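Each in C-alpha cells, the structures are laid out below.
Two complexes come next, and they have one chain in common, subunit A, joined by subunit B in the first and subunit C in the second.
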Partner chain A sequence: MRYLSDVAALARKDLLLELRAKETIPAMLLFVLSALTIFHFAIPRGSSDVAALGLLWVAIVFTSLLGLTRAFVPEREQGLMDALIMAPCDRSTIWLAKTLSVIAFLGVAEVVALPAFTLFFSGLNLKTVAAVVLADIGIASVGTLTGAMAVAGNARELIQPLLFLPLSIPVIVGGIGASATAGPKFLLFLALYDAVFVLLSWAAFDFVAAEA
Partner chain B sequence: MSEKLAIRLPALVGLATALIALAIVAVFFWAPSDADQGLSQRIFYFHVPIALTGYACFGWGAWKALRLLWKDDPDADLESYVAIHQGVIFGSLTLITGSIWAKISWGVWWVWSDDQLVLFLVLFLFYCAYFMLRYSVDPGPQRANLSAVYALFGVVLIPVSFLAIRLSHSFIHPVVFTRNGAQMTGTMFATFCICLAAMLVLFITLYQLELAGKRLDSRIRELKELLS
Partner chain C sequence: MVSARNLSKRYDTRRIFDKVDIDLDEGGFLLVTGPNGAGKTTLLRVLAGLAAPTSGELVLPVRGEIGYLGHEPLVYKQLTPRENLTLFGRLYRVPDREQRIKALLERFALWDVRDKAVATFSRGMQQRLGLGRVLLHEPKLLILDEPFNALDTAGAALLDEELATRSRRAVVVATHDPGRVEGLATERLAFT
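On to the complex of A and B.
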C-alpha cells in the first residue's frame, strides 16, 4: 500500500510538472502530426495500406522517443534525482511512476495521432488500437529505463535513441504484425514482450538509479 | 594469480592455434563436399561455429553482469565488458561470413529471410549501443551497474528478437530458404565439432588475453598514481 501511494505521489508530480510547464505533450502532438504529414508525401500514391500502417508505427516510436528523451530532464536539471534516491522509498517507485506518466503522455499523443491517421490515410481496426496500447506499455517501461541510463552519462540525450531503438525492434514487429495479419498471435507476442521487459526494467532500476 | 595466468596463457594460445590448424585441415581436406553447394558450403564450418561462439560470448558477458549485480563481484565488470567486446568481434565476423555465403549461394549480399543473420544485425546494433553507453559514463561503480543492466537486457533481447524475426516472416515474405537441417554425415558433424571447439578455445584465449592486458593497464595506472 505504501508502495502504491509513493508511486501515485511521484506520478502526480510528473503530471503536475507537465501541466504547468506544458513542454513535452505539445511537442509530441506537433511532432506526430508533422511526421504523419511528411509520411503522406513520402509514400507514393497507390501504396498499400500496409505501408501506411508501417509509417504509423514509425511515427509512434519516434514520438515516444521525443517524450522519453525529455522524461528525466527535470530530474537532472534540478538535481532532483539525488533527492529521490535519498528519499525513504523503494527506488523502483521512481521507475514505475515515470513509466506511468510516460504512458499518459503517449496516450494523449495517440488520442490525437490515431484519428489523424484515419483521416489522412486509412481506417484502423480494433486490433491495431489494442496493439498500440500494448506497445505503449513496453515502450514506456523500456524507454524509461534507458532514459535513466542516458542521463547518467555525459552524452545525455544523444545516447537515448541508440539505447532504445534496438530494444524497440520487437515492438515494431509485433505492432505491424498485429495491424497487418489476422489472428491474435502478434498481440500475444506484444503482451509477452511487455511482461518480460516490465519485470526486467522494474528489477533493474535499483541499479540504474544511483547517486551521481 | 598472475603467475598462474602466465603459464595458462601460452598454453591456451598453443591449444587455440593447434585446434584452428586442425579445423582448417579438416574443413578443406577431410570433410566431403556438399552435393548441392560444393566448395562454398565449407564456409558453413566457420560461419556457424563463429555465430555460436558469439552467442556464448554474450551469454558469458551477461552471466558476469549478473554476478556483478547479485554478488557484487568487483572483477565481474571488466570480465563482462571483455566478453561482450569479443562477442561483438565474433558477431561482426558472423555478419561478414554470412554475407559472403549468401552472395555465393543465393546471389545477394544480404537476405532478410535468414533469421540468424537478421538477429545478429539487431544484436550488433544493440551491443554497439552498449559501447556508446559505457564510454559516455565516467568509470566507477555506476558505470559498472549501467553496463551490467544493459548486458542483461541483451540476453533477454536475443530470444525475444528471435521470436519477433520468426514471426515477421508471416507478413514480410514467405520463408524461401530453409536451412538444410541437421542432415550431416558423420565426417561433416565431426568437422563441425572441431571447428566449434576451435572457435570456443579461440574466444577463451582472446578473452584471457584482453583481460590480462586490461588488468595490467589498470595496475600500471594505480602504480603511477602511487608514484606521483
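On to the complex of A and C.
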C-alpha cells in the first residue's frame, strides 16, 4: 500500500524530529501537570467530582492546543510544506501522518496526566478514559487541519487557537457528559464527532495546504 | 513540457507579471533575470505548481516530475542529510534509493557529514544538500531559484556540470549572475 507507506515515512519523520528536539512533549507534560496542580489548589475541598472532571477536560484541550501549535513548526520555519505538497503522494497523507503523531504526543501527555489526576482528585472511571481516547482522535484531526491553515495563511500564530478552540467545544461537552452521566450517549456523541471531523479534515486538507 | 499562454499573476491589484508566454521542451533551458522584487521567484513558484496564476493557461508535467529549489534548501534542519534524502526518496518513489542517495551525497561532498544534523551545516553545505534533494528523483522539469547562492567554486562547478547535461529534462533558472549560464540558455525572460 503506497498510501500507508507514505504515511509511515512522514509520521516517522515527525517522531524523529521530536526525539531530536525534545520540545513538544516536555512542554505538554509541564503544562498539563502545572494545570492540574493549580486546579488542585484552586477548587475548594468538598467540591463535586464533576467540577474536577470539567477542569481535567479544560487541561486536556489546552495541552493539545500547545502540541498542535507546535505540530507544523518544522514545516513552517523552513518552508517545507512546499517540498511536501510537491511530492507525488496523496496530500492527505501529510494530514494523516501529522494527526497520528499529534495523537501519539497527546497520548504520552495523558499517560502521565490521568494518573496525576487520580492522585490529586478522584479516581477515573473507564468511561472517562474511553472518552479521552475518542477526544484525542477528534482533537488531533481538527487541530492538524487548522494548523495547516495557519501555515498556509498569514495570520499564523493567531489563527490556530481562533479556529481550533471553538471547534473543540463539543469535545469538552462530550467529555464531561461521558464522565458525569450514565449510559453511552456521550461516548457515541464523541465517536460521531470523530467520524465527521476525520472525514472532513481528510477531504479538506488538499485545499488548505496549497496556496490559492 | 511547459507551455504557458498569457500567464499573469497579481497580488491583490498589484501586477507581478503579465501575459508571459513560455514554451519549453526537453533539452530547453529558460533563463529568468531581473532586479530584486521583479517577480522571478513568483514565476518559478507558479511553474512549480506551488502558486496558482491569476489568469492564463499553463500546462505542466505531473507533480512528481518537477524538482523545485527555492531560496531555502527545503530540508529538515534537525535531520541528517541521509534522513532527509531517505524521506524524500520514499515520497518520490525513487528506485535504488540507497545507492542513489550515496552517489549524490558523494558527488556534493556531503558523504562525510551524512549523519550530522543539517542545522550544523554552513549555508553552502545546505545549498548542496538542497540540490541533492531536487536531483534525487531525476525530475523532468528542474526549477532552480538562484541556485549558485552560497556555493563555493567547487560547488558552483558541480552545478555547472549538472546544468550542462540536459538530456530528458527542461531547466528553468532564475539568477542574478546570468553570465554563468548564458551559454546554456535556449529561452530568456527578463523582468523589469
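Annotations
One rule holds for everything that comes next: the second predicted complex is superposed on the first by the 210 of 212 C-alpha atoms of A that agree within 3 Å, B and C clash if a C-alpha of one lies under 4 Å from a C-alpha of the other, contacts with A are read in each partner's own complex, and residues count from 1 in each chain.
Simple rule for what comes next: a contact is a pair of C-beta atoms (placed from the backbone, for glycine too) under 8 Å apart; a residue touches a chain by one contact, two chains touch by 3 or more.
Since we're looking at a predicted model, the values are computed, not measured.
Partners subunit B and subunit C, once the complexes are superposed on subunit A, both fit on it without clashing.
If you stand at the C-alpha centre of subunit A, subunit B and subunit C are 90 degrees apart, rounded to the nearest 10.
Residue contacts after overlaying the shared chain place A:6 against subunit C, while subunit B stays out of touching range. Legend: residue contacts after superposition of the two complexes on their common chain; A:180 is shown touching subunit B, with no touch to subunit C.
Looking at the shared chain after the overlay, A:163 reaches subunit B, while subunit C stays out of its contact range. In the overlay built on the shared chain, the residue A:80 is in contact with subunit C alone; subunit B does not reach it.
Annotation for subunit A, partner touching more residues between subunit B and subunit C: B. In the superposition on chain A, contact is made by A:193 with subunit B only, not with subunit C. In the superposition on chain A, contact of A:88 is made with subunit C only, not with subunit B.
Contacts of A:207 after superposition: subunit B is touched, whereas subunit C is not reached.
Taking every C-alpha of subunit B against every C-alpha of subunit C after the fit on chain A, the minimum distance is 6 Å.
Residues 210, 212 of subunit A lie at the contact with subunit B in one complex and at the contact with subunit C in the other. Within the complex formed with subunit A, the residues of subunit C that make contact are 48-52, 62-66, 68, 70, 72, 74-79, 83, 87-88, 90-93, 117, 133. Those residues of subunit A that touch subunit B in the complex are listed here as 50, 145, 149-150, 152-155, 159, 162-163, 165-167, 169-170, 173-174, 176-177, 180-181, 185-186, 189, 192-193, 196-197, 200, 204, 207-208, 210, 212. Within the complex formed with subunit A, the subunit B residues making contact are 69, 122, 125-126, 128-129, 132-133, 136-138, 141-142, 145-146, 148-150, 152-153, 156-157, 160-161, 163-165, 167-168, 170-171.
Residues of subunit A touching subunit C in their complex: 2, 5-6, 9-10, 13, 16-17, 20-21, 74, 77-80, 82-89, 210-212.
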